[in-house]
């Protein structure tokens, strides 16, 4: 076993130095922001100031949405096990799956697949993007699948995050093909689906992250990082002004017993 | 690194055999019950039929208590990430901390500590146990701490699990010093605390597990194993007859915004 | 909100009674085994003694496989956070996903889908099962997908759990269509795949669970329950004879730094 | 139940607006950094630029330390369940307990307790801080407890993060009483403990966070947030250049079976 080797480009240390991606950690401290570092850790390159601004705007957009199922799960876990903050945080993050937080990854991946299949010769104008989007939505629909990033239960007309993130990316010169394709889907999907749905915030975040060149298979990870900050806020609030006990009692006190013999739905 | 060695007495395998604690797995299958195996895996000895009956009665007692915070957290996680059953189960187990499931471990550990300090010369009759219990409760009270295993929010007079588990242990000849001391605490604590509290089910389970010789530092683990079965039941029911969405919406729709400037309780 | 109702057939309680699936918990304690209860909680019916024996044989088969990635993850988590047994257990269970523990669910689901598509007119003899199996394997192969439950990294000729579980099911009159189809796949796949692979233990467990009528979408849950017992054993052993620190140091001390500029594989 | 109310100061939304702590989310996006937002979510006040710089320096310092037990646990979980990135991230965070990540919280809490007990009349000079520190270390030692934040397995003389973080805090006018007390402990503990230990990075981060006025009971949460970014980096690297399989096989192939009868250490 003398040849055991575990390669890494991340943290290493000697008695008097700590390196992170080959940089001296003491140089990073105070000079590199936290979002910037998160980007760097995944992409193994330091983002530009413009990239950092778009990236952090995404994290800010995804950090907290109030009493989501994951926020409530984290609070209930903290209620049961206040000695283990890490457990409450982990419980909240475990809800970051296909249904809620997954849209960011699904949308980025969808756009990436359409662009990859289309090849390098990208559209030169809005009409070109619209044609590409229309063909993609039509094909997806024919396959009986959904176009990710469309629709929102509350923001039925427009999700306010979408135009804002597009504008920030535009300001920074980072309104790339994923965002342009996503915007074109917003303009054209009604022709196929028969009704107009808003481009949702989770979806536009996925498009923006993909335009930053981040690996599309890991986009969910950035939603989770953003949510970690939001969950900390939720748990801090649970300490100040708890709702976990009331949420639990509301369910428990309104429990209605159903005879198992009648419960034959499965 | 040639001398790398990772010792274990649990599972090992060769191309044609699988061993578990030195037993051929194919001999265990069909001949050893699941609860029996769980005991064996932790204690490294096969329990007797009587021990198995007491042990499984504990697991049955702790498996499910309806809409607990952990059950709701598991259901909300399943709602958010239905693709990851393991995540929902893990989220539910993460609530198995100090406040709810911890009582089993705390109580077993408390009784064990009292008995260890008292030494080998155990009381010979009920009066002797009462004296030992009274001294322990008094000392605990003087230290400003709580006696674990006393009191229950719903079963204010008697927790039905307690006499039942004592009776099963008695039938099997396993009503040992931890249970006897716990029963004596039940008879005597009123003299110190000034009011009569029931011996709760989580506590009596801890006492019974300690009497089985299981390591007191791991008693919480058995409560978690029992709860894993209960959570599977909760998740199966969430599939058949979901309540997660309603629980979430009940909280979300009754959210009331509080100005942060007024939220100065911390 | 006066009409808030959260239906359940599982645990409910009044000040002097605790009910579980409509049964008095004190009747279940001492009379129902833990595996039996786990089946009941999910299926909402009490299994017969034969069903219980097959079910518990499955749980015993899946409980522990030594130093699996999940066992090591649980031990490393316990090393870092020994104050939170629930966190270590949860960390171990979180590895119960598509790659390792998922085979049980995938295999049960695969067999169930083949049988559902085939309809009620099941084969009457071995030749009939072989024909059905051969057609299924051929179709799966043509779709570029894998047949789940075939092959094992260690048990390359025969997985000892497979014949043993089939024999137990046979003894109990529970060798149903899922097991028969799985066995037929074992006899016929070589004609399509060009080489003979063993029917693995995780797969046969999925087949047996499906024959018990348990919901195929939840089969992974039983693998997780089994694994919870195995992980408790691993954590008990980590307390007695720790390997976590050595496992960690083995990786850390053999870390080799790779310049990020060269790490362009993504 | 008409009066159900769940108060929150965090995220709320209407069909056309999303608010976070009373701010329009679209104003936060592009104008507020991610670390800044995380501070704001917990403290319910926007940090100053100087506070943000110190806070982000802490997060950067704690993000990744290479092949820690938590990083390895996350990678092993990803190996087993690559379909669930949230599970791998959660598994890694679950190691954020008392032993490794807990030092930040323990140290901040320790310093806070010493300062609270001392009262408002803080020392005016270094000699005064040294006297306060010496008395605290002495008392802690007499109680048989450890002073958190002292010592490091690798950085035995000086942890490079410590002077760097003190310098950043000083530049921003945020070298407050917790940091000053911690520095004084660094100068004086040798008189009590008989040997000189370095002030470690986790400890100095706890001191700096406490000086920022963040709740000391939640300091572990910031270490977890930082670690979430580090774990994302680890998982991205596991995709590019995996070590999980090798780490697992190294343990598994060097397993040595120990007869349970000999394993009587517990």
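By letter and in written order, the chains are A, B, C and D; residue numbering begins at 1 in each of them.
Here is the rule we go by: a residue touches a chain if its C-beta (ideal position, glycine included) is under 8 Å from a C-beta of that chain, and two chains touch if they have at least 3 such contacts.
Model, not experiment: these values are computed from the prediction.
Relative to the C-alpha centre of chain B, the farthest chain centre belongs to A. The chain pair with the larger count of C-beta pairs in contact, out of B-C and A-B, is B-C. Remark: chain B and chain C have CA centroids separated by 24 Å (rounded to whole angstrom). Distance between chain B and chain D, defined via averaged C-alpha coordinates, is recorded as 31 Å. Centres computed as Cα averages put chain A at a distance of 37 Å from chain B. The multi-chain contact residues of chain B, meaning those touching 2 or more other chains, are 1, 4, 6-9, 12, 66-67, 81, 83-84, 86-87, 90-91, 94-97, 101, 215, 236-237, 239, 241, 243, 247, 250-252, 254-255, 258, 263, 266. Every residue of chain A that touches chain C in the complex is listed here, in rising order: 4-9, 12, 19, 21-22, 44-45, 81, 83-84, 86-87, 90, 94, 215, 250-252, 254-260, 263, 266.
For chain C in complex with chain B, the touching residues are 1, 4, 6-18, 20, 24-26, 28-30, 32-35, 37-38, 41-43, 53, 56-57, 59-61, 63-67, 84-87, 89-91, 93-97, 101, 154-158, 160-161, 164-165, 167-168, 171, 201, 215, 217-218, 220-222, 224-226, 228-230, 232-237, 239, 241, 243, 246-247, 250, 254. Of all the residues in chain D, the ones that touch chain C in their complex are 1-2, 4, 66-70, 72-73, 76-77, 79-84, 87-88, 90-91, 94-102, 236-237, 239-241, 243-244, 247-248, 250-252, 255, 258, 263, 265-266.
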